[in-house]
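In the two complexes below, chain A is the common chain; its partner is chain B in one and chain C in the other.
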Partner chain A sequence: MTSKEKQKMTKAEIILQVIIFSLGFFYAFVYYVRVPGVALQSAADQLFTYLTSILTAAFAIGIINLTRVHANNVKNRRPIWKYSLILLVSMYFMAVASVIASPFSLDPQSSVIPGAVYAVFFPIWQFLYYDILVSINATLFSLLAFFIASAAYRAFKARSLETSILLAAGLLVMIGQAPISNSVWPGFGDVRDWIMAFPNTAGQRGILIGTALGILAFSVRRLIRYPWGR
Partner chain B sequence: MNKKALASDPRLIYVLLVLVIVVPILSHAVLPVPATAPTRAVYDFIENLPLNSLVVVSLDYSTSTVPELQPQATIVIQHLFLRALKVLFVAQWTDGPALTDAVLDAIDKENKAYGTDYATLGYIPNTATLIGMTADIQSFFPVDTRGNPTKNLPIIQEFPAAREAALVITFVAGEPGLSLYLQYWQSRLNMPVAAGSVAALAPGYMPFYNSGQVVGILISIRAAAEYEFIEHAQYSQVPIGLSGAASAMVSQSTSHLLIVVMIIVGNVAYLVNRRKKEAAK
Partner chain C sequence: MRVNELEVFSTRNPILLVLILLIFIPAAMVPLAYAVPIQGMQVLTAGPDKWEEKHVLRPWVIYDGASFKMWYAGENAEGVDRIGMATSTDGISWTKYSDNPVFDVGSPGSWDLDSVNDPCVIFEDNQYKMWYVGQTWGATAADDLYRIGYATSPDGIHWTRYSENPVLTTGSLGSWDDRRVWRPSVISTGSGYVMYYRGAAVGEGSQAKAGVATSSDGVHWTKTAVLSMPAGSSGWDAYSRQVDALNIGGVMKAGDMYIMSYASIKARNSPAQIGLASSTDGINWNPYTDNPVITYGTSGGWDSGPGGVGAGNNAGSMILAARNQYYVYYGAQDPGSPPTYTIGVATLPISIYPISQTTSTTSFTTVSITSIPETTTISETGVTQQTKEATTTPVSQPFTLGIAMPSLFIGRMSQAGLLVITLGSIFAVTRIASKRKLKTRGIPGLERLDKWIEQAGELKRPVLFTPGTGTIQTPDTLAALALLEHVASRCAQHGVHIIVANADYNVHQVTVDIVKSAYKKARREDLYKDDSVRYISTRQFAYAAGVMGLLRRERPALNVFVGDYQAEALEIAEAGRTDAIAQFGGTSNVDQVPFFMATCDQALVGEELYTAQGYLTNDADAISKLVGPDAGKALAILLIAVGAILVTLGNNVLTSLLRL
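Right, the complex of A and B next:
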């Protein structure tokens, strides 16, 4: 701990620290300990509901901020103002279309919004979502294949014993995962399964346990003392 | 451009990759794929579920991973509809409800009635809902995605709590996803959990499969093709090509083999250069 962190906490910080510790400890207690006849879980669930409310409010702040930044870009005709305009129109139109006619609709049974409006918006929403959004996102994700191919060719080199083992394991899993490999030699599938079941599982368990212990240590540290602005 | 620069030009790799992916897809060639143990485990578990069991299906991915996970979801959900099972659809990702509708449009629903045999509950906004619905679905989902009060749905009247499910299967592209079901549904309630995963995440899920916490895992689009062949063998009315995965297997093979060849070529070139440098010293 640095000398700065050793500074005395203010009264407000102590109150906040007590709240953080109490809520954090309460939630951990409810997870690990069950007290018969006491509805602790429902209280913990209620805490999660408050968390959702806070996150929703944060989301709203994000939308307001995004709108302000891009509206200013458009208003002041900044160099990228056309993109800002496209962003604002896309965001608000998709939001309105989703609220009116989609699986996220606020009024799916047309109790308030007239059926004719729903009939107009639903095909538009379907086109925007399934034909535009899905296609664009899938395309961007698929582009990863090209970068992986190029990166594998350049970087996946047997520079040392460790990298050679990694390289051999990677190649064998990749070959075993290619459906045609079974026609060449059925054993490729068994080799892949063995690598995934034993060396991979051992490594992943080590990572998982290490990460869990790290999170535990970090959480305890945060519950005991939050470094308020220091 | 000299020979060395051409060899290291990524555009050459990109062109080759496009060719080995596009040509097999255009040829509509289908390659039979033998089932791996994790895929077979999911199929067998569903096939052996008692009649009228409840299955919760969670589509926990976004539009970017549709090519890899939608075929899995399509073929597994088709299997669920072929059997006399009740299915509740939820989603931990906001795109899930829309992608659920797309899957339901793609499959043969085998005269199953909405509300009685299946229902779409929609988005699970937080962990409280995920935990709470195990005890009481109506409180956390007062209406389904179609606006029907869930208390009026026969499937909810029959199964008012998700803890009565015989299986939860999540198609997962990240967090929130499998881990929450393992933490709150499997470890606390001992509910069987299965997963359909993108290839990149599957190695991280293998410890849970090997420990028996996950009954089976579908790994990447290949598992969808494996599942399709198993399902077709049992239920001939399910056509090969329903999920689109079977026809992608040739291009997956050729693209994997191209990358393997590129890695080998890259390493041979690296070793030759290293030897030359060592000899020059």
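Right, the complex of A and C next:
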């Protein structure tokens, strides 16, 4: 992308940029300034509700993309087409089951869908949600314990001065956290607390301040420049 | 048709700075603009004396034209409340009376033997008159009986109880206040008195309401009305209005206007905030347009407890006008377990409810009521007396900064000011850096990104880009999308197939646009396929599983995962590491940074994520933006250093100024 190309915007892009800037200006103004007697915050809230509604509608596009990708896998008999088929069947069956018989049912009073249908679908929904989805979710979360161990193993190598300090600090915190540390030497707990309260907090705050300033510069840049796709 | 980009969008143009400043200029205009809600400052704490070692709460303050006097409830370890007094010359720094409490519980067998609190004091006829709440405890808290009594004093310290107390008691069984009455707020009319008070009915879940009573002598009262408060426009009081509860604080009258402070909550169990309301007749009230005016803290401070500010049976609030501004005193709880109540104050500009100079101090005696309906009549004497009070009370004191920060500079105004200074610094330094083509510090390892993409082209393997699980409103995600512009562009140039895996359906749409545009610009539309950009799942671990599957199946040469990540980042990174895929990560989430550092070949940390695009584009203007945030950092370091020194020396001016 040459510098000359970057300097050009179409008329549509300029209009878009003006809208973006105006809305950004409005929200910043409402956040910082209150004018007694003028319900600006209320207008901003309503605008945000409108925005949320539009954003939520995009969910359908996500589902369409998911369906298209995996339907193509099945259609073209790609190597993983069986998994794609399982995904499509699971996704749509779960959606139907949730609408018919779940705590999120569209007809909880059975005024349209017969009670007998509810009675059939509800145990299936319960099985799919609690016995499969929740269990798989918990399994993936539990895997983190092993991943943390393997990542820590790689990180804890005294290759340089910095990694040696990291290794020493990590060991002291781990020892201080272990129940047995108190019986070995009561001071381990204090050392752990000091490391967490001072060097650790100072480092985290340094990153946070830098991030806040980065966001500030980035946000202003986004507010005044054409955003994406260039 | 294409036209040149408007000059105004160039960051090197001073017009831009002016536009940014325009946002905040109104913030400095007094009294045209005023930001609420604000947080007040703590002015009175519990202890050290035993009688008030647990809490101080339910303040009542009067202003005599020169100094402030406060009566408040102090609570000991057994939960017994007594009333103490404190004085102040500025309404902020208070000195407790050395021989507190000035008002003790009643003698055994009396109606107020267990606790006395909720003082409401006026100065009239050369004596202090106090209405207060006396408690008789039952077997459970629900059985406690609250009633209102009366006492007088020549000096505010030595009190004499009215012999026929209590003067206002609970209603007959079945009435709205048949369980308890408390929190009196009395206005002298010259010819009589009007009392606002809280009341609650017997029965679980009954909500406290507010009532009005009138009296000709301050001791014989007639209940006249139950108040109702319309809902505020912003929904800050949604739950309180839903259950029709009115947590009345204090009522003052100035000129023809009644002003009330009251607390409300947005949802069940949410922290309370304080709002104001006005009325012309004392019965029909209109909430202030921009309620709430005082909010709770969130940083673990004195007003950060779950109950919020000015709420419940304990905290209380009251409002008075003095020195050309409003003072709202209130109780608030800290987040301790159990929480401790202390007393704070917030000052608001007189422009919120404009009242004249002669009436601005009428909270000292309160002024004559001209329109309380039904039972109150106005006499000539009352009007005459009010005029006399006003002339004998010095009121024309200037609006001074004093020890306490004026309300204008508390809350978002100070934030706005700091923002203007920071933005000014950033852009000033950016301009200088851009003009002089300053050499900036590099971001370690960033240049390797281009080499990896080039290698992916040679290996004929794809590049995987994952912007994380944040939404389109998350800053880290937006920074990731900015970086995607560069990565997609390079992929297109080197004929590399890029795969983008999204967790958010809105981010998905934007990434489709970015990738398509990049291939189109490089005239490599053939590389874009339907599955180049994929929507995986909004569920955190489903997304992680999807990306791990892509890493295993698609065998990318490079995994770029930058953006908003939580625990799923480590799973993705370890999966890539296992398959020996080059990994380029980045996040500003401090909890995840260690994992990125441990598992990635290169990682962007904190603000590097936001400045990476500028560095990669090699554009003089963009590169100079790396210098701008550094100027902001220098400013932050300066503020931290000065703030630390000032706090060490016992000066809280800077921390008060910059509080959030």
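Note that the second predicted complex is superposed on the first by the 199 of 230 C-alpha atoms of A that agree within 3 Å, B and C clash if a C-alpha of one lies under 4 Å from a C-alpha of the other, contacts with A are read in each partner's own complex, and residues count from 1 in each chain.
Note that a residue touches a chain if its C-beta (ideal position, glycine included) is under 8 Å from a C-beta of that chain, and two chains touch if they have at least 3 such contacts.
Remember, predicted model here, so these are calculated numbers, not experimental data.
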Record, for the superposition on chain A, whether partners chain B and chain C clash or fit.
clash
Now for A:Ser142: first (chain B), second (chain C), both, or neither, which partner does it touch?
first
With the two structures laid over each other on chain A, which partner does A:Ala158 touch: chain B (first), chain C (second), both, or neither?
first
Applying the touch criterion given at the start, work out whether A:Ile224 contacts chain B, chain C, both or neither, answering first, second, both or neither.
second
Please indicate which partner A:Val117 is in contact with in the superposed arrangement: first for chain B, second for chain C, both, or neither.
neither
Examine A:Thr211 and indicate which partner it touches, taking first as chain B and second as chain C; both and neither are also allowed.
second
Contact-wise, after the overlay, does A:Val89 reach chain B, chain C, both or neither (first, second, both, neither)?
neither
On the A-aligned overlay, A:Pro108 touches which partner chain: chain B = first, chain C = second, or both, or neither?
first
Please work out whether A:Leu66 is in contact with chain B alone, chain C alone, both, or neither, and reply first, second, both or neither.
second
A:Ala168 contacts which: chain B (first), chain C (second), both, neither?
neither
Of the stretches 95-103, 293-301 or 383-391 belonging to chain C, the one that collides with chain B:
293-301
Shared chain A contacts, counted only where both chain B and chain C touch the same residue:
41, 45, 137, 140-141, 148, 150, 152, 154, 204, 207-208
Can you check the complex and tell me which residues of chain C touch chain A?
1-6, 8-9, 11, 16, 19-20, 23-24, 26-27, 32-36, 233-235, 288-290, 351-352, 412-413, 415-416, 419, 422-423, 426, 472, 475, 478-479, 481-482, 485, 489, 502, 505-506, 508-510, 513-514, 516-518, 521, 530-531, 533-536, 539, 541-542, 544-545, 553, 567, 570-571, 573-574, 588, 590, 593-595, 597-599, 605-611, 617, 619, 625, 628-629, 632-633, 636
Tell me, which parts of chain A touch chain B in their complex?
41, 44-49, 51-52, 102-105, 107-109, 111, 129-130, 133-134, 137-138, 140-142, 145-146, 148-150, 152-154, 156-159, 167, 170-171, 174-175, 177-182, 186, 189, 193, 196-197, 200-201, 204-205, 207-208
Touching chain C in the complex: which residues of chain A?
1, 3, 6-11, 14, 17, 25, 28-29, 31-39, 41-42, 45, 55, 58-59, 61-63, 65-66, 68-69, 72, 79-80, 136-137, 140-141, 143-144, 147-148, 150-152, 154-155, 204, 206-211, 213-222, 224-226, 228-230
Touching residues of chain B toward chain A in the complex: what are they?
8, 10, 13-14, 17, 21, 31, 33-34, 36-37, 62-67, 94, 97-98, 100-102, 120, 122-123, 125-128, 131-132, 145-148, 199, 202-204, 206-207, 210, 220, 222, 225, 249-250, 252-260, 262-267, 270-271
